[in-house]
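Reading through the structure tokens given below for one structure.
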Amino acid sequence: MTGTQALLAAVGAGVRTYDLGRRLTIGMPQSPNHPPFWHALPRRHGDNVRADGGSAANDIITMGTHVGTHIDAFAHVSQDGRLVDGSDAAVAGRGGRFAELGAHTIAPMVRRGVLLDVPAALGQPDGCPPGYEITPQDLSAAAQRQGTPIRPGDVVLIRSGWGRLFDHEDRTRYVGHASGVPGVGAAGATWLADAGAHAVGADTIAFECLRPGAGHSVLPAHRVLLVERGVYIIETMALEELAADAVHEFLFVLSPLAIFGATGSPVRPLAVIANG
Amino acid sequence: MTGTQALLAAVGAGVRTYDLGRRLTIGMPQSPNHPPFWHALPRRHGDNVRADGGSAANDIITMGTHVGTHIDAFAHVSQDGRLVDGSDAAVAGRGGRFAELGAHTIAPMVRRGVLLDVPAALGQPDGCPPGYEITPQDLSAAAQRQGTPIRPGDVVLIRSGWGRLFDHEDRTRYVGHASGVPGVGAAGATWLADAGAHAVGADTIAFECLRPGAGHSVLPAHRVLLVERGVYIIETMALEELAADAVHEFLFVLSPLAIFGATGSPVRPLAVIANG
Amino acid sequence: MTGTQALLAAVGAGVRTYDLGRRLTIGMPQSPNHPPFWHALPRRHGDNVRADGGSAANDIITMGTHVGTHIDAFAHVSQDGRLVDGSDAAVAGRGGRFAELGAHTIAPMVRRGVLLDVPAALGQPDGCPPGYEITPQDLSAAAQRQGTPIRPGDVVLIRSGWGRLFDHEDRTRYVGHASGVPGVGAAGATWLADAGAHAVGADTIAFECLRPGAGHSVLPAHRVLLVERGVYIIETMALEELAADAVHEFLFVLSPLAIFGATGSPVRPLAVIANG
Amino acid sequence: MTGTQALLAAVGAGVRTYDLGRRLTIGMPQSPNHPPFWHALPRRHGDNVRADGGSAANDIITMGTHVGTHIDAFAHVSQDGRLVDGSDAAVAGRGGRFAELGAHTIAPMVRRGVLLDVPAALGQPDGCPPGYEITPQDLSAAAQRQGTPIRPGDVVLIRSGWGRLFDHEDRTRYVGHASGVPGVGAAGATWLADAGAHAVGADTIAFECLRPGAGHSVLPAHRVLLVERGVYIIETMALEELAADAVHEFLFVLSPLAIFGATGSPVRPLAVIANG
């Protein structure tokens, strides 16, 4: 039996796939800095029926790439005019696309994934409070409690519990401008990078700790991860189901759209575990 | 060792991931029936530098869902006014979205995948001729030659060789209206459904055999697969690299964007094999 | 001197043109029922400089047609399944466009225009109160006070004073869902149609009187004007300058984009008066 | 009788309005350098019927601003890095919009318009040949033949006859990349500016003389008009009807959408003449 056959056998024996992406719907919460998601059907069934009785419907979508569940390409953020590779960020985007560090350069991920359930580690069943900064100690405590140390190359998903607000009828709640939003700061980001994370994710729009009313005025974790350390960031993830099932270790799969030159891509990441 | 740990061990031992998606670029070949892919950067680095020296760039995209590599939801095609579940197709799309059979209902796929390399089976190193209808015999011959019989639940990718034209400077070549395009017809589609395929894919825009000049006037394989048999179709795939490496069996992973109510989704499918 | 030369002479003697359209900007107030206005520059100067030193910048825009200052085509509203011409509204929109009553069928307007300054007539310097229904008596009083009776074929613009909120930093104020918005109801709409108005306009998003919290649940003036009487509606107009200058009678010019099959068009209407 | 009443009387005595704009339809000819026009109905009648039997349909559109009939803002073109006001073109577009010279700064036009019917002057009933450069002598001959000298402040529309190809079933014909397109060059543009034109227009996409196969590699008339002389350019106009009726002098009205910071705007210009 080849290695691939062993892999297929493992999958064939039964796996469960957790969907870590949010549904894309008109009006879902998103940052006002980005073009909103919109969808329409230019053609519906019955509009144009072929002689044989067949008919097709189709779509138009318009959106930013940092809406819904998405991954940030390294081109997304610069510091002091430089991207992660030291290149001049303004020059890199000339022509309206980032040829070197755009979304098309994000390699698909098939890696070990670890969920760090921070509220569980902190004993906060309702999730981290608004504006709470998740510390390296919190991350470490979560990893230890779960028995899932981070290994180099892992994808590390940080649950703050904020994801429960995604479907709140007041869509400004999840965005959290007034209340603030829990997340890591520079220290937590550094801890994640030091642990060797290939990519990190969270159940919030901005990944970061946002202070009440501060909005996106400073985004230190983005600086650390995207510019200084070369770690991808995945945002607006759905992590509640993993947490409810206490799934802390899994095969993480993410395949961004290869949008040439873009600063990010909408994605639907997966966590795969073996049954039984 | 749990099953998940075995899965992670298999991956940790080394896998190779083939990217089966095409890059999304402005001007790439696509059907004129669908809104074209377009991308711009509303914000570039330097437009708005924060006090701490940080800057973010972002995107706007507009596109159909049947452009680039994509998967058809069952809502895409109807026959005699009915969708695959027997529902009235016009009623199902009321409100501008398909709540029951839209793209958000396509479960992510982590399954055995099989590439049927038809030109290899037929001894046609330059690929199937334009307009050639790939027959059940061709499919069967390819599976047999490769030693990769189709099993129920598989994702079956049919290589016609047409993918070599995707990057042709004359972008009408890949669309192939004048020349015709190779692919299966109703017979081949039926064979695939009978074999138990969960989804099928091809290296062409329309999956189907298109006769020269006929365009999309009839799409019998779509009818068989999407309406009669409930088999998903993946189009505009990049299959040349798999074929060049003679990779005919693999772990297939596809995670469509959960676009609520849409008739399809852009995707970047993966084929994963074990190294060595 | 021909009639055209007389017309040119009148213009040549000096005219003043009032801009009755709102500026289209990202984030401007608009109804959440419609795709928001968004704009980006795919190409900027310097991206692609020609050998001769020339460079061009360009745009992408995405928007609904009922955002910003716009005109409703008759296709926009139906009552009991019928459009103004008695046609079946669902059938008329088949194919995703209204071939008969779409925006492309709105003839450009070069007509007498009358501003009815309702707050001035009612002695309300701060404008009509939120949710106030402008009555036929109010309209009649304004016309009489100004000495500008409505004549058949006129375009009648109704100032409620609400336009002062368009640039309010809280963009929900102008939309006015919570507060309600002043405007005519069925009675006022009937009065306008009876007076022979060719088109009517207002300084609010919905033209109608909206009760606090009721939103767009009922739109009786739309029914009367667009479906029963065949009178166009222009919304989100800028009428403050006309009112400040006490310009109540003018040459009204409006030239909608001929968007084939659309339910409306963004416009920038003009009021032209002779100097001196 | 006030001046405004005289103006209204002139209009009231009967005017004819010529529509100089092209219909916006999916698939119409346009330059591939710009995002194509697309339109869909997110909501159709019957999707969401209110309790009172009312129903509304609406639209989404996505497009460049240099598609269909449109006007170029001065921000559109730079020469050696400078815009018409001498400002740095790259700096002016920072933030993704041109605050100083964008489309929102184009004042609506209510001016004398002159059609220069070049094919009529040259005795070419089928229009100017592909790639023909319209010379100052041609322009002068047309003005003289018609008895319509250009006066400072006029809008001057140059008919080449190419507009007959706009509806050609081969949509590449009107774009004319292979054949070339007739139009003025630097000399003709200079003549127009010297004559005092406020804006100029043509019945072609690029206004310019395009040599066969050369495309938009050099656009000298744009340089002269938009950068050196401050004259607006209107493209893709419908001038055949004016020419057929031998209407060479008229009231020209154009009201661009006030798209903040854009490099152009779709428009529907009008030519108004007195009846009789």
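Here the chain labels run A, B, C and D in written order, and each chain numbers its own residues starting at 1.
Here is the rule we use: contacts are C-beta pairs under 8 Å (C-beta built on N, C-alpha and C of every residue); 3 or more make two chains touch, one makes a residue touch a chain.
Remember, it's a predicted structure, so these values are computed and weren't measured experimentally.
The angle needed to superpose chain A on chain C by their Cα atoms is 180 degrees, rounded to the nearest 5. Centre-to-centre spacing of chain B and chain D amounts to 42 Å, using the average Cα coordinate of each chain.
Separation between the centroids of chain A and chain B, computed from CA atoms only, is 24 Å. Shared interface positions of chain B, defined as residues touching 2 or more other chains, are 35, 38-44, 46, 60, 62, 96.
If you draw each protein chain as a dot and join the dots that touch, every dot ends up joined to every other dot. Considering their complex, residues 38-42, 44, 60, 62 of chain B touch chain C. Considering their complex, residues 27, 32, 35-36, 38, 40-44, 46-48, 62, 94-96 of chain C touch chain A.
Listing the residues of chain B that touch chain A in their complex gives 2-8, 10-15, 17, 19, 21-26, 33-35, 39-46, 50-66, 68, 75-81, 83, 89-90, 92-93, 96-98, 104, 107-108, 110-112, 217-220, 222-223, 249-251, 253-264, 266-270, 272-276.
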